[in-house]
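Several structures are given next for inspection.
Two complexes follow with subunit A in common, the first pairing it with subunit B and the second with subunit C.
Right, the complex of A and B next:
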């Protein structure tokens, strides 16, 4: 299904996945059934409840136990607009009443792993928990559904969402992989927090066991609603926090794949060691690192200083060199580069700090600093103690700022300290920050740039930007959205430079060549149902 | 002897209380919040309401003294509570890892003892010969080489050598299987970290054995034994070695306790789901409940090990228990 307001995206996006994968060849091969897929996961599981978690450490091992109402097409995950039904049937609704009413027809042959049949009430209860959680119940994605007025069962197998206003971000928000569908019976009888520590879904695999810190094991669900799937007998998600170990695990065939991504050097080492036993899939990644100046502090409340910091960056050169050592590559603005709402190269070149004449940019940066009385600026740069790509990009930033006479002292902090400084105490001059989302949903994703957003730490109020966003949120056509998005982008990162984009991430997944049917998506949260994966062993 | 043991047992109580107070309040000085990391760690939009709900669920909204009492009373009644990160019982989290850590600690200790005592003895007996020089170089290398680096080299060596020999790279398993379920898989995973840590551990013990034995060998009663015409083997084994073991036992005891929670990096290198790895994760996640419980467990292990060492002292040297 192509969402109407973004329909021209598919052919564009389809051509953008840089991949020397054998996935297409795999489709032509005869699918083999059976086998256990071992994969490594570099992060931990805080809880099993998708509605409150946001980490791939939960998604990779737990997503295969659940279904969602709709999902990104697993055969075309590179497209940011290609969604298909999972628990619904007959296609993703296109929207009625001026895109304010969406009626989903629900599959009739679905059963939860405990044997309870799925009905529309389960979907309704799930989305009410996500969108309108009762007092005292957390929901991490409530804000994505601000446009929803109501969700009701309008039949035993029919769910209707009514929106307060038409929004291009509604369908992508429904497709988010965290929206696990729970049984109403479980929610009613066992409570809204039961799913933190228990699993009962309708996904392709049944939960077998979880040994915290070690592995999660799942086995094939014979009554899975997509006939003939899954192909695997089961999977084992093995926890391995150290990247070197994950790499060696693939080399030593203790694991077949890691779904988050490796840096270029790791890919090269694996290919060198194992040749054609390794297949590499690569893609742009819906994650980006930003520099956030703290506008509560001087001189970062001065747009000229923020502009200077952005002008110092040689983004095009950085892309060329950093992409050899880190998981960053693409130069982009506020929107995921492969999305139709993203700025073209010509549009980017007009933004502050994106011009290719680096010497001229830096000359202008020095002038602005002098004008703002911030020559020989010294600042502390708060960075996160994670190698890829934080520390690599951080070191690059220090060098770039040095070129305009700014001396930045990098403080690399472990995550708790980093967050405390950034979020709770606002105790920083400039800090690295990031935006890492699942389904590419620019209208929702760019809220990060709003001073009023809960995940914006710049300490500024920009009413002009808020008004532009309000127009963007209600824009009906993609043409209109695109025009307003440029206005938003120019204001946020060029005129006011509230945040300084660095480079978009680049996802590299080297895996054992016998893993077939898995296609790389532009996010490490997507395409993890594993129902289409098979082993050519 | 019983009086001596009881006295040692009573001394454990103030040590445990002191450790509990220190860990509880020191942890709260570290910046950060488990709820912030859980909910906003992936860059999500999180409003304060969500953070407050999470903090309330975890009991972090209660007064500090109430939290401390809950923690300490829980420890005394063996109710360690739930992990703030996973929501699972801490006893379950610890139980999963304790077995593995204990096995690695025992295997590494055995490796160390098997290497250290013979080498230390030979080195002392053959002082200033090429054998002594070799043993000293071997043990100094053991102290100098970090066990995590040795671990990395072992894994890489296995991968490269097996690929060269058999065409397919092999590395130790990365998930733990209990020894009674599959002894081969268990040993093929744990033998390598045991060797990597046991080597460093043995290096310290070798040097300690050598120096302690050299000292004892210069004692008057050894000279007397030799003058009496006793066999050298008998002098070393029966008179010298036992009397030189006091400092060696101390080193072995302290190292054993350290291995139970201190193999932080080595466990990560070999992907061992042990207490050391859990320690790091709990601190990084600001999981106070789990960190406190872990510290108390490790403190208890240290206290118990020291207790055993004290008993061994008394057995090895009767003068201690009568003092």
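Right, the complex of A and C next:
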């Protein structure tokens, strides 16, 4: 036996079939109330403040305490365009005055957990903190709202956003799960940093306690604004940094679910051990792994060398095999693969390094290296000390580059050192890099490829690409956006190869079958309000 | 008349005549030190495997072959393959190279530097010895792995840095042992005679003291090699040592132990056995060397 395909295929098929069956059955089943949902979280909580944090370690345990103005539809989280009101009512506004004015009607029955009633002023104060933070106050997603000119309360229960120019990325930005709505009273009286260490939201659950390094506990909020919800009595988010521990917690029923995702082997082991007691949900993931060459250094300032490094990769073959051992799968361009703006397979095949004739690609790669005087190139490959998917993909990359005569020495660093090399020191030849976002919002997400972006580490200036992006930002229709997006994609990863795409992540969530009402989203940040989750036991 | 040189030659001939032949001495060693012989055999097998790795296996230890990923042991892949389709036996054989290279280099450098510093500390004595020994105390207060972790966190990962990380904790350990032997040698009259002849300190240390503390030095080296192999494996297992795709036993455990121990146990079992055997072999051999070189134990 050379390849144990059945070992993977059977549990996968069983899991998928089970997931669809269970999903259908759940709709038909009568929702049961009560119970405590135990789930495991693999990352620490840096602070409770959603406006400054960007980790699932914070979102998973803290999001249930807060509400947002709008959110991704929890019953249809796979859709990148299906948003529903959370604290607003009457539907998500479509935009007036040529899509430069959005008026949100605010619910009237909402109270914060401390009893303070919610008004439009709370929403306005929250978004002013996010979009126009005072000097010295951090806001991680300020850049997503570049199009916003003002946000004002235009009534006790009405908030108006005015935009500088129409932008398709405005509503998805508002729907980001990090935009926790805070009380204006808290912000005014306790300051803009109070929420780092304190919680007072309008979410489905009230904060009970946080034992650092151990667990976060929440209990049902009786005055939750969506009547009849939440179904659970409470939840416990258990800290478990090691994957083996999280896996065993689910296996031993100490926890019912882990919301980030497991590698395929872990899924197979759980399905094999627990059969129909495990349900598997899978989805494309709005996260992609890239390789960023440092263009401050020779020979990586030469597009031919960068092209060669991209041409060496057998992406289609990598997808086939790496998807069995790592949380990556889909071959894609710069846009989330399932989005209407994403490149089709035919369009991808035209890009550098996406052709299916791997031998021809590598022959061309060797020619380019020779032409650039970079034959027998030796380089240090900076990688992040996290197994899934960084180190697994890193090992694959080194093997791929070896096929064109490039010798890469892998330097694996813990996250703080890894980030320091990328951000502060720019001390690397080529580095693994990633783009993980919450709401699928391609026009905002692709800013990563701009040399001017804060999260771009390539050290290049490309005015042509900046101008294309400016046109993209102002494009009115999806058709127009799509055409410009192809132009942007071709420039960024094919002509200039500023970044080398590897594969998009693939999310696998095996969980106890008694967990109902939670649907997998294309991001581990999304659909974590837990108000629709119930336990069938 | 018989000259002095003729007497010396005759003495050498008698000495040679008294020495048993090599095979006889090996048999004697085997009889006296059966466990040490087992250790020696393991060590020799490791050395043989690492030297002739390219001949012993047809596979590339670093090349991915996904079509054969996680193949159980069979006639093509005697120990199976890992998640990248790489032959585990090949990686074990090449891993011996990494283990021995790191082990011998760290042990030799660490013990040699420790030897020189230990002898110098004993020779100079006084305040130098007092201060130097307190510094050694500070280093020895940390367990080997903790000190190695601290060093690797400063210098970073990779083979060279792992060697440095392992070498540094060895220096005080060897220096302390060697110093105690050197203290006794310092009091022997020939050292005074050397001083009286005006020899430099470095000449006295290197030519007259160091050769006389070789027995504890050799014992320390053999003990250090086993420890260094274990340390390298530990650091690599923790993700702080040798990095992919270099074949290293600890790294093989790190890559496979957690995820595949249940569904593909061979991924974790073989490197684990290799590490255990290597450390076992070097420890047994080291003990035997100690017993052979120690006059008290030898007489017993």
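Note that in this section the second predicted complex is superposed on the first by the 516 of 537 C-alpha atoms of A that agree within 3 Å, B and C clash if a C-alpha of one lies under 4 Å from a C-alpha of the other, contacts with A are read in each partner's own complex, and residues count from 1 in each chain.
Operating definition for what follows: a residue touches a chain if its C-beta (ideal position, glycine included) is under 8 Å from a C-beta of that chain, and two chains touch if they have at least 3 such contacts.
In this text the structure is predicted, and so the values were computed from the model without any measurement.
Once the two complexes are overlaid through subunit A, subunit B and subunit C fit side by side, free of any clash as defined at the top of the document.
Of the two partner chains placed around the shared chain by superposition, neither subunit B nor subunit C is touched by A:103.
In the superposed model, A:244 lies in contact with both subunit B and subunit C. Subunit A is touched at more residues by one of its partners, and among subunit B and subunit C that partner is B. By the document's definition of touching, neither partner reaches A:31: not subunit B, not subunit C.
Contacts of A:454 after superposition on the shared chain: subunit B is touched, whereas subunit C is not. Touch criterion met: A:266 reaches subunit C, while subunit B stays clear of it.
In the superposition on chain A, no contact is made by A:226 with either subunit B or subunit C. In the overlay built on the shared chain, the residue A:398 is in contact with subunit C alone; subunit B does not reach it.
In the superposition on chain A, contact is made by A:317 with subunit C only, not with subunit B. After superposing the two complexes on chain A, the closest approach between C-alpha atoms of subunit B and subunit C comes to 6 Å.
In the superposition on chain A, the residues of subunit A contacting both subunit B and subunit C are 242, 244, 417.
The part of subunit A that touches subunit B in the complex is made up of residues 40, 44-47, 52-56, 136-141, 143, 193, 196-197, 211-215, 236, 238-242, 244-245, 248-249, 251-255, 273-274, 414-417, 419-421, 423-425, 433-437, 447-448, 453-455.
Taken in their complex, subunit B has these residues touching subunit A: 30-33, 36-48, 50, 53-54, 56-57, 85-88, 92-93, 96-97, 152, 155-156, 158-159, 163, 168-171, 173-176, 268-271, 273, 277-278, 281, 284-286. Subunit C makes touch with subunit A in their complex at residues 62-64, 66-72, 74, 83-84, 156-158, 239, 243-245, 255, 258-260, 262-263. Partner subunit C is touched in their complex by these residues of subunit A: 1-4, 7, 242-244, 263, 265-266, 268-269, 272, 317, 320-322, 324-325, 385, 391-392, 394-396, 398-399, 402, 409-413, 417.
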